[in-house]
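Notes follow once the structure below has been shown.
Note that the chains are named A, B, C and D in the order they appear, and that numbering of residues resets to 1 at the start of each chain.
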Amino acid sequence: MSKGTVVLAYSGGLDTSCILVWLKEQGYDVIAYLANIGQDEDFEAAHKKAESLGAKKVFIEDLRAEFVEEFIWPSVQANAIYEDRYLLGTSVARPCIARRQVQIAQREGAQYVSHGATGKGNDQIRFELTCYALYPEVKIIAPWRIPEFYTRFKGRKDLMEYAQAHGIPVPVTPKAPWSMDANLMHISYESGILENPKSHAPADLYLMTKNPEDTPTSPDLIELEFKKGVPVKVSHLKDGKSKDTPLEIFSYVNEIGGKHGVGRIDIVENRFIGMKSRGIYETPGGTILYHAHLDIEAFTMDREVRRIKQGLGIRFSELLYNGFWYSPECEFVRHCIEKSQESVEGKVQLSVFKGHVYVLGRESPRSPLQRRAGQYGCTGGLRSLRCVWLH
Amino acid sequence: MSKGTVVLAYSGGLDTSCILVWLKEQGYDVIAYLANIGQDEDFEAAHKKAESLGAKKVFIEDLRAEFVEEFIWPSVQANAIYEDRYLLGTSVARPCIARRQVQIAQREGAQYVSHGATGKGNDQIRFELTCYALYPEVKIIAPWRIPEFYTRFKGRKDLMEYAQAHGIPVPVTPKAPWSMDANLMHISYESGILENPKSHAPADLYLMTKNPEDTPTSPDLIELEFKKGVPVKVSHLKDGKSKDTPLEIFSYVNEIGGKHGVGRIDIVENRFIGMKSRGIYETPGGTILYHAHLDIEAFTMDREVRRIKQGLGIRFSELLYNGFWYSPECEFVRHCIEKSQESVEGKVQLSVFKGHVYVLGRESPRSPLQRRAGQYGCTGGLRSLRCVWLH
Amino acid sequence: MSKGTVVLAYSGGLDTSCILVWLKEQGYDVIAYLANIGQDEDFEAAHKKAESLGAKKVFIEDLRAEFVEEFIWPSVQANAIYEDRYLLGTSVARPCIARRQVQIAQREGAQYVSHGATGKGNDQIRFELTCYALYPEVKIIAPWRIPEFYTRFKGRKDLMEYAQAHGIPVPVTPKAPWSMDANLMHISYESGILENPKSHAPADLYLMTKNPEDTPTSPDLIELEFKKGVPVKVSHLKDGKSKDTPLEIFSYVNEIGGKHGVGRIDIVENRFIGMKSRGIYETPGGTILYHAHLDIEAFTMDREVRRIKQGLGIRFSELLYNGFWYSPECEFVRHCIEKSQESVEGKVQLSVFKGHVYVLGRESPRSPLQRRAGQYGCTGGLRSLRCVWLH
Amino acid sequence: MSKGTVVLAYSGGLDTSCILVWLKEQGYDVIAYLANIGQDEDFEAAHKKAESLGAKKVFIEDLRAEFVEEFIWPSVQANAIYEDRYLLGTSVARPCIARRQVQIAQREGAQYVSHGATGKGNDQIRFELTCYALYPEVKIIAPWRIPEFYTRFKGRKDLMEYAQAHGIPVPVTPKAPWSMDANLMHISYESGILENPKSHAPADLYLMTKNPEDTPTSPDLIELEFKKGVPVKVSHLKDGKSKDTPLEIFSYVNEIGGKHGVGRIDIVENRFIGMKSRGIYETPGGTILYHAHLDIEAFTMDREVRRIKQGLGIRFSELLYNGFWYSPECEFVRHCIEKSQESVEGKVQLSVFKGHVYVLGRESPRSPLQRRAGQYGCTGGLRSLRCVWLH
């Protein structure tokens, strides 16, 4: 008799394929769930593979549009950045993926969810906090924290043998000497040969961005239009091409950023769990939006509101990094940040060239600067009162 | 020909009576405006006096209800306290008074407003920032910053002589050797013999609160009920008396607090303008509400939301103290604080006795604590997830 | 053969007596360690009891002086207060107690330390973080988190039976229907009948402070003198009595506070582990020092330094509450706070009466206020520059 | 008879030449003071010019080394950045320049100092706050705030006429259609045709950095070594060139940055005085150091210390921007930040290419990461305790 049904966050790779079979061995019915959040993946092949391994059901879910609108956009509003450098591309995808997973679990009557995250990283936390927040009764099976599992599978070799023994297709290409996480927003690279913080990243590591040495020798000029702090349109200033839905806008700035090698960083960050970890990230579109939003925000927002909001943005970034998207405090902070964005409206013109983003100019119907010549003295906003009072 | 119309914040006292006449001398039409925010005052006499001094119109405005609802209540939600001790009773009244003054100015077509605040205090700033914020074109006449005025009136003696010369009734009782500011929320005492921070306040200084040595020898027990962070009802636990409108609730806690000598403080504070200043305050009802709200808030609010809200409350208090109620950042902060209060609901029981407020117990339909025995583990809120995750 | 030596934090009570014997049963040599931090205890009897139960060695350590100087004084400098109300009397004792415990372990060559804290409270964390910080190789035995222990001892009844079976003296007086933690700074009361946040505390609960209804009908007036933010002298303004060593000063303000019923609070707080918890505390001397230090600090410290220091004090309080006294961030924060105290010097006069502390006046050689009449304009400090510049 | 002696901050340009003569006209003895903080200037010619205009004495002071060591280095430690983008190149120079000016005034017995800053900008405040802080009795003559001066000189034309009438050499090249401020750290451009925030900056604006379209097609690789958070050595990874004194290090990273077009930004910022202002800045060496220091700091500093220090760095940046370098709070914050840097030690390798700085790797004897394989579990630092405790 079945122990119950588990919805497994399935990637199609060796680890989660083994977990799928192992869960069945343990007596569970397994529903495989694979989220499309923009990673480069053969989803159809993954679907077939999961079925062939004995998944009771398989769900391939296209979450790209909601990923941009409900997760990336609030991060843009917040100028979300962790420890001054990391744009949180992995962190922001986790609650989006886990939310759908528990929705499936609830709809399908599954009491369990499972994932292949290790016991040392941030992702297990981000994943599980979301599950508990949205489906408090759920039970989580985290094989990499279960002794029977992790003592049996001590390394990749054990997984390979298990795969061969259980008819799980084994990867034919050798594993990259590092681990990756890819989605619409970024690709991260860490572990393996990258773990040594001193050694330089190999030139052929990056998949989303061109090497700036090989990018075009003249810039692309684009204009980003914002309303309430989120992009509503991107236009190319030369060819006139433009996009105006969230997914298209984000995909387009990704394309421009990738073409010009924008958004590569190599950092050591502090993980939730305590250790320091070297990570390499490429976030082409996110980097462009970060600079554009910073600019339109500084242009349109009251100075003192901006100071307070800056503090909230830092808090938001820490919460996001640590997996607390679905927490009372993160919901509170998002609400406040959203409120601060009401006047963040206007257009920013940017040049994208050789790995860098240059702001060229901006305009807004809402900026005090542009009303400066007006009747109210210095700025036309309340800040001018201080000015008036000072004199 | 008139230089224009000026709405003067008139108190009925010597200073503003002289200013009224002086403004007329300078060629202005003067509208006298006197706000009733709960101070002990003969409003009818003041009305007549202003008329007799030549005011074109006189407005006595009862602002008590809006003072409580729109100004004190948000301060209660914020746990507003300046430099850990001062409950901001003067600060919170200023924007309320000045708002009505500019409303009158706009309605009556007056281009000018005037006040009798000195050039060294916080009040001029609080007053003027509100005026500019709500009526940006207004011109402010601050006689105590105008050389022709302050060189003419170097001290009280000059005012007295001017009064006698111009038929202004002169106070018959000698002036207290300190200055006072009174409203529904508090009375402040400063300057004069109080200026020396070392000398103790005289026992007969206080007007709103009894000396704790002379208060009843048994406590009053009351219950305060909150919804969305504001008091909606106060009940006496013995005699069953209760009040449920904002002004009545506040007046009642004032009465209880005053009867038991609650809310006296003696502090040195840092003024906006830079100097340190010794002030003595009595805030009976405000002190009771401060303790009651702290308690129900800690009881019902998520821990991490509370931490963020605490920082916003400190910022709010500074803004309020410095006169920035009507500023973009204070409006933003008030919005955020109000959002945080959505779940702040319940009843707190208090004992008021001999100058002190004791919380005795509390209950709420919203507290995670009371749901602790429930199905979700530790707390039933998201914090429990952390708890769950930790184990 | 012995499994090794364990230093047990021994209280002399039923729980840790059972743990002592149980540890021996498990094959450990046990060193009993009992810290005297000012609690009311028969230390000699506890010494004998531990020996009779088979402790290899027994250490009774008088930590009162270092508790005041190294733990309470920095908390006074910080105005340490958790969630605006709790003066952290338990939290501040933990690192003091645990520090000595690991010192003994290191000196005696013990690889293990053990404690009787439960698995749901803050104390286990405070205790263990200190141990790991100061003796990183140490192994901690926390019986109340070990299944063989906590499944064997499900309630007090099991402990009683085990005690009887193993010759452990059994308490003759019935256990109070709540739990207590006492030290020089405070006594806390929680659990049991107090757990319901609505029910009022019984009148006879309090041991350190008199019921304000029964305290003297006239106040005691005292003067506290501070240097670098810590008390260096306390004097009675009537009888001239004075104290000038840390332990004597603290004991004296405790005595005065207790006599007048000062420092009782009844709160619900947010524990580290996530849940909300009702606690009742009495902190007589700590409450007096809190008010006195707030006053002398506001009087002598630059306004803007104070604002920054206030934020650091809040952070310090959270760290202290959560057990991170010995952490890099808490050491950093303590260093910064100590730096801020360099100018905090002077005398504060206070009245202590019927549960309340009244500041009456203060003086200092360092206060800008007192130099106001000087040559530099408004305040004689740098704030005056702002003032000067504004005009 | 002379009204007294005034030390004038003299630039050699039209404005301060006219002010010099005007001050003499008003009856002052004038000492001309020109600081060399790395701007491109003919100091000898300026010296002669000041003498020929009647300066009683002329001081040309080379402040470059102290500018780097005492002002830029603390800013590097703080990761000082205003509103997330501006590296504060002008702000950081002001206290350095003004400090020497008042030193000269004190040494020469001058009661007055004077400057040519306008009445609308930040610089007057930065300048004057420093003067008052270091020489509280000084009197400041700010001609652009004195009606007799600014009504006489309504525009450049009036200055030109005055110059011609008083034998002041008149500039032969036309004035650039914007204003500039240059020093070792940066050049700022604002006003004039740049005032419109929408219009793009002309390509030939920049003087310190090459246009990235014209920079070398291969990167320069350098290594920066830090001790206590400040650079102690820079080395070129190919040609082996290295520098190890502060001025040489800073000049060298400036050279590398300028060669590769690094450090250009175009922003709208919020001025102290209230208005928003568009500014264009180039900060080549400062940008390189900002990225290098961020990296070594994140690598070596405890996570939680970093969070607290980040907040202090933001505060420091605001204080610096607003001119409060010499204030109690800024001194306090600098002290705390310096304390936080004790462990910030190691080497960062960077690639500088086409306007961008890439961190390639880093090493340190102090990083917890590198001790991870050690005996203490996860990180070898205290964070590991949390880790240990969590499991």
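Following the convention adopted for this analysis, a contact is a pair of C-beta atoms (placed from the backbone, for glycine too) under 8 Å apart; a residue touches a chain by one contact, two chains touch by 3 or more.
Which protein is which chain? UniProt says A, B, C, D = Argininosuccinate synthase.
Keep in mind it's a predicted model, so treat the numbers as computed, not measured.
K.L.:
Which chains are in contact with both subunit A and subunit D?
P.N.:
none
K.L.:
More than half overlap in residue numbers between the two sides of the subunit C-subunit D interface, or less? Answer same or different.
P.N.:
The interface is built from the same residue numbers on each side, given that over half of them are used by both copies.
K.L.:
From subunit B, which chain is the farthest off, judged by mean CA positions?
P.N.:
A
K.L.:
Can you compute the centre-to-centre distance for subunit B and subunit D, using the mean CA position of each chain? Integer Å is fine.
P.N.:
Result: the chain centres lie 44 Å from each other.
K.L.:
Which integer distance in Å separates the CA centroid of subunit C from that of subunit D?
P.N.:
That gives a centre separation of 47 Å.
K.L.:
Using the average of all C-alpha atoms in each chain as its centre, how far is it in Å between subunit B and subunit C?
P.N.:
Subunit B and subunit C have C-alpha centres separated by 36 Å.
K.L.:
In subunit D, what residues contact two or more other chains?
P.N.:
Residues 307, 311, 384, 386, 390 of subunit D touch two or more partner chains.
K.L.:
Hey, which residues of subunit D end up touching subunit C in the complex?
P.N.:
For this pair, the touching residues of subunit D are 125, 128-129, 132-133, 136-137, 302, 304-305, 307-309, 311-312, 315, 326-329, 332-333, 335-336, 339-340, 375-376, 381-382, 384-386, 388-389.
K.L.:
Taking the touch rule as given, give the residues of subunit A at its contact with subunit D in the complex, in rising order.
P.N.:
79, 83-85, 197-201, 212-213, 217-219, 264-270, 273-278, 294-295, 298-299, 303, 306-307, 310-311, 314, 318, 349, 353-356, 358-363, 367-370, 372, 378-379, 383-387, 390
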